[in-house]
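When the chains are written out, they are named A, B and C in that same order, and each has its own residue count from 1.
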């Protein structure tokens, strides 16, 4: 069996980190699939899905680390291609990837106590993001 | 068809990298599912799953790279939240993610010769980690 | 239902980034599975799968960021183990991981407009890479 569900999330310019655990959990518990894999995917080349202990200070630490790899105010070759200003967002998103997969049992995600599922939007303008949750199991 | 199996692994403080290929392979070969996807997931916000050529020197190189992004002895805002000392672990785990998915055929993982599945535990104290292998296929 | 398909891609020494979206899309549309998850996996410990806006300048920016974590001309402990020269490739591949999973519906991948699936081969010599696409759904 499988089930595809989509939801959208408004995001703010800059690296916006948003807890989407409750949305994903609800999709998993509302489906008729008891156990399996939930693939959480964000459409777009400047955003990612991951997990973190979602509290403001850990998010600050994450942003500082991202700035080491791809600084927000750096020079990017990509800016020459289309006149864009979001080169850092493309690099960050490629590193972290567009999807993470999660096991579930009895219609419940198997997460650690402090482990939340987050959307990371690295883009330099406000966006409306489409998240796809694809559930496969039985 | 699907199958959920769990095992635990004791880990040491600091970035502990442990080869779990044999455990995952055994779960795949023992299940009644011939081919499909095995999602290997670690519960917790300070550990990750990935692949590497598992030999001590490559692991040393990996740790050196992780120290560039999130140094073990750095200052972390997260430490102010709960008095924790594992800010580097949260950042590293968010970067590398909690899961990787692997295809298998004839009950065998399709891995490269030098490609091992590893648990990476970034936490600053010894832990007992729960690894979930969720298999979906037929 | 599930389906396993494999294809090979020749790659060049150094960090070679290759758009494989059309190959993966064709496998998804040719299968008898209407919707589900496509796990795209590369066999080998020195390559990864991710997504990026595939245009030469964004790829240049990505390479510059990878050089910060694991420089191509750096010293690596791994080189002492086998006399290899591809330590940077092992570190990069472990960071980015061997697989990404993609949802699909009506036999079509759900990708953003500028989001391409890429093989990243970090190895220091030319290779022939095996990509496995494992599709699970119904």
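What we mean here is this: a residue touches a chain if its C-beta (ideal position, glycine included) is under 8 Å from a C-beta of that chain, and two chains touch if they have at least 3 such contacts.
On a predicted model such as this, the values are computed, not experimentally measured, just so you know.
**Q** When chain A touches chain C, do the two copies use mostly the same residue numbers, with over half shared, or different ones?
**A** Shared-number fraction below one half, so different.
**Q** What is the Cα-based rotation angle between copies chain B and chain C, on a 0 to 180° scale and rounded to a multiple of 5?
**A** 120
**Q** Return the distance between the CA-based centres of chain A and chain C, expressed in whole Å.
**A** Using C-alpha averages as centres, the distance is 19 Å.
**Q** Which positions in chain A touch two or more other chains at once?
**A** Each of 37, 68-69, 95, 97, 101, 136 in chain A touches at least two other chains.
**Q** Help me check something: in the complex, which residues belonging to chain A touch chain B?
**A** Residues of chain A touching chain B: 35-37, 50-53, 55-58, 60-62, 65, 68-69, 95-97, 100-105, 110-112, 114-116, 118, 136-138.
**Q** Could you please specify the touching residues of chain C with respect to chain B in the complex?
**A** Interface residues on the chain C side: 1-2, 4, 37, 39, 41, 43-45, 68-70, 76-81, 87, 90-91, 93-95, 97-99, 101, 132-134, 136.
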